[in-house]
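Let me begin by handing over the structure; questions about it come next.
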Amino acid sequence: MALLEVRGLTRHFGGLRAVAGLDFSVEQGEILGLIGPNGAGKTTVFNLVTGFVRPTAGEIRFEGRSMVGLRPHAVTARGVARTFQVVKPFPGLTVLENATLAAFPRHARRRDAEAHAAEALDRMGLAPKARILASQLTLMEQKRLEMARALATEPRLLLLDEPMGGLNASEVDVASEIVSRLRATGLTVVLVEHVMKAIMSISDRVVVIHHGEKIAEGPPAQVVQDSGVISAYFGRRAGA
Amino acid sequence: METLVQSLVSGVLTGALYAMIGVGLTVVFGVMRIINLAHGEMVMLGMFGAFWGQALWGLDPFVSVVVWVPVLFVGGALVYRFLLRKIIPGGELNTLLYTAGLSLLVANLALLLWTGDYRTINLRYAMSPMRPFGIAVPIPLAIAFGLALLITGALYLFLARTDTGRAVRATSQNAEAAVLMGIDVQRIAMLTFGLGTALAGAAGVLLAPSLYLYPTVGEILIVKCFVIVVLGGLGSIPGAIAGGILLGLVESLGAVYVSMALKDGIGFVIFLLVLLYRPSGLFGVGKA
Amino acid sequence: MRRAAPWTIGAAAALGLPLVVHDPFFLHLCILVLMWTLLGSAWNVLGGFAGQVSFGHASLFGMGAYTTIMLYLQAGIAPWWGIPIGGVVAAATALPIGLIAFRLRGPYFSLSTLAMAEIVRLVALNWEEVTNGPVGFLITDLPPVRILGTAVNWEAKEPFYLAITLLTLLGLVATYGLKHSRLGAYLVAIRENEDAAEAVGIDTVRAKVLTLALSGFLAGLGGGFYAFYFRYVDPDAVFPIALSMEMVFIAMVGGLGTVGGPLVGAVFLTAIGETVRARFQVGHLVFYGLFMMLAIRYMPEGIWGRLHRLVAGRWQGRGVAAGGPRGAA
């Protein structure tokens, strides 16, 4: 049974079909890349899966149980964590406080929550910055914090929304390395990304979305050759 | 039938004055995203201006509009320039609370200066109502209505035909783009706040002969004003006009056909429903 | 525990005051200050800790007042039961209000609470069969009670002073407890970034609702006390907008989101307000308005926050200005 199954997922915003009859699955332990041109509906898919937006139709099953209608905190409680495209730290709180808040829902006592939080920070290399205010971190550090916070919720599935956005080439490599290591610890990852280098190097499989629909699926090297994918990104050659 | 027509007429007449107050609030919101809780006090100042104008200098209230509008315009501009401008960067809620403080300050200063006694303005030429087609129309209200139309018409011409008016509309639509187009947004903001205050004050002057005057009247007015402005869509002038007239009608018809007591309540319930389900106003033109 | 020392001393001093001071006017002033501290704390729980600025808290206060007075006059239920029940009823009233208001953000939340408070006032004014309409309720006799052998003299200020001191201490302890609880931490997260809070597993709706219930309970306690001290409850006394705004001002001028803020705010504003009222009868809220404006402009962290900064050299509590996006969608 797939860890996450999405069937016929649909979401309309007024007259706009943001997501239309989308089907895909995520297997335990894989890194799935979700790509597509801008406006294809990728972040909407994340919002649907994590409960920030309700589907107009369709089914979302995590570990066999439906998640449709759950609010985001309940989705997180089930074991699905996400990061945001534009990072959303708690700016006035320290790095450790940020992570502790994520651990609190599972560990009522502050000491336990802090311990789990510290561990998550450690995995992301943020331990030295524990007492720094989140608003004073660099972008790369804030992205690490975003991931550390997600890890502190003890997820089994991690949804990363454009984690490489705004990073330079060497930072992208570091981030890709981090994601691979996470998978090695048993996490399953779905990655929305525009930075092709990252997607190609770490994804096991890729799903391509265009106009809210899946237009291709398969190993990265194969998908990138698909003519439908190419025309979605670049358009058709004039006269072809 | 006659009662119905009577109610409709009263409703429209009062509604037009409500509309003017609402336009003052909405135009300020449109340009600066400020909800000015002290707006009711501006109306109150207009009312008392008319009262003292008559009591001290024998000025007919409808004539004193000419005096008070510029005074309140300047007053409003100064309030913006020296008080509000520093507060706005602190956020919407801070500004809201600041205007709440201002509202309390002005209303209570008025109480200290003029006591809470109810005042009225009596006009010798307006003691009995006109009766066109058998419908009773109080003369002060009719004159107020006429002047309100004039003032609103002038406002429309200003916004539509003058460069400054266009600048105001531009800033209202997109402040950042307005800056890029070379519009001095701070000056426009100051002007707009003065305009909003002047409209409120003018409405106060016009309404003064028709109501009991007391310093805390702003409290009820500001609440009605929200209802109007939210109904019509925050930031929309035609919306505020429509909202004002609608509220006037709802209150007038409600007082006759539902109950005197509950007519205010109806307004609030509609207000909540609009906020929840149609935040851009009944006509969908607001900027909520 | 070091920080508890001044509070414990203060509480002991407050409780012991009637042994030393007997001037009825001064005790009356203290009663008012304490009552407003309780009400300011009630508002602060929602406004300062949860970041939800309500302009309608008078509705909760008034529900407490009406419940308590009606239970006494119509069912003979004594104040020491009636006041807590008033608190519970107020908390229960807060829930449907929250249900509606929490769907809105920022200034729209605030305005909706104002509208709902007005609706409550109008219902009280017009539902004459239940609430006596504008006439309200009047207590003529308070229950004969003996404590430790002596009959309680309800004409004196002392019994009321002690009652409000206990209630206010309860309010302050509750506020302190909230601040240091997991729920308090959740509220900070919600204030900092509500979406992120939800994403890390915090049930933001439940947190806000629980906080609202506590806020309502405390406001209702204050209302119940009001009913017994002033012995007269009518819609204009307990439901007016001005009363809601007073609660806001006391909490904000004192120090939003702090435990001591409402106390400082109440002392400061009530003392000035009552002095003005004694001299001029009307317009006593003029300084509330003035200090609110001054506070927002120059001291967004409130008097308490500023004092703390000067004394301890670090932030205590957050002013509205210093906090993050206040629920802007």
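Going by the order they are written in, the chains are A, B and C; count residues from 1 in each one.
By definition in this document, contacts are C-beta pairs under 8 Å (C-beta built on N, C-alpha and C of every residue); 3 or more make two chains touch, one makes a residue touch a chain.
The shown structure was predicted, so the numbers you read here are calculated from the model rather than taken from an experiment.
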Of all chain pairs, the one with the most contacts is B-C
Relative to the centroid of every protein C-alpha atom displayed, which chain's own C-alpha centroid is closest? C
Using the average of all C-alpha atoms in each chain as its centre, how far is it in Å between chain A and chain B? 50
List the centre-to-centre spacing of chain A and chain C in whole Å, with centres computed as mean CA coordinates. 43
Where the CA atoms of chain B average out and where those of chain C average out, how many Å apart are those spots? 32
List the residues on chain C that touch chain A in their complex, please. 182, 185-186, 188-189, 192-193, 195-205, 318, 322-324
Complex contacts: residues of chain A adjacent to chain C: 50, 52, 71-74, 76-77, 81-82, 84, 88-93, 100-102, 104-106, 108, 110, 149-150, 152-153
Which of the residues in chain C come into contact with chain B in the complex? 53, 55, 100, 103-104, 106-108, 110-112, 114-116, 118-119, 122-123, 125-126, 241-242, 245, 248-249, 252, 280, 282-286, 288-293, 296-297, 300, 320-321, 326, 328
Within the complex, which stretch of chain B touches chain C? 35, 83, 86-87, 90-94, 96-98, 100-112, 115-116, 219, 223, 226-227, 230, 259, 261-262, 264-265, 268-269, 271-272, 275-276, 279, 288
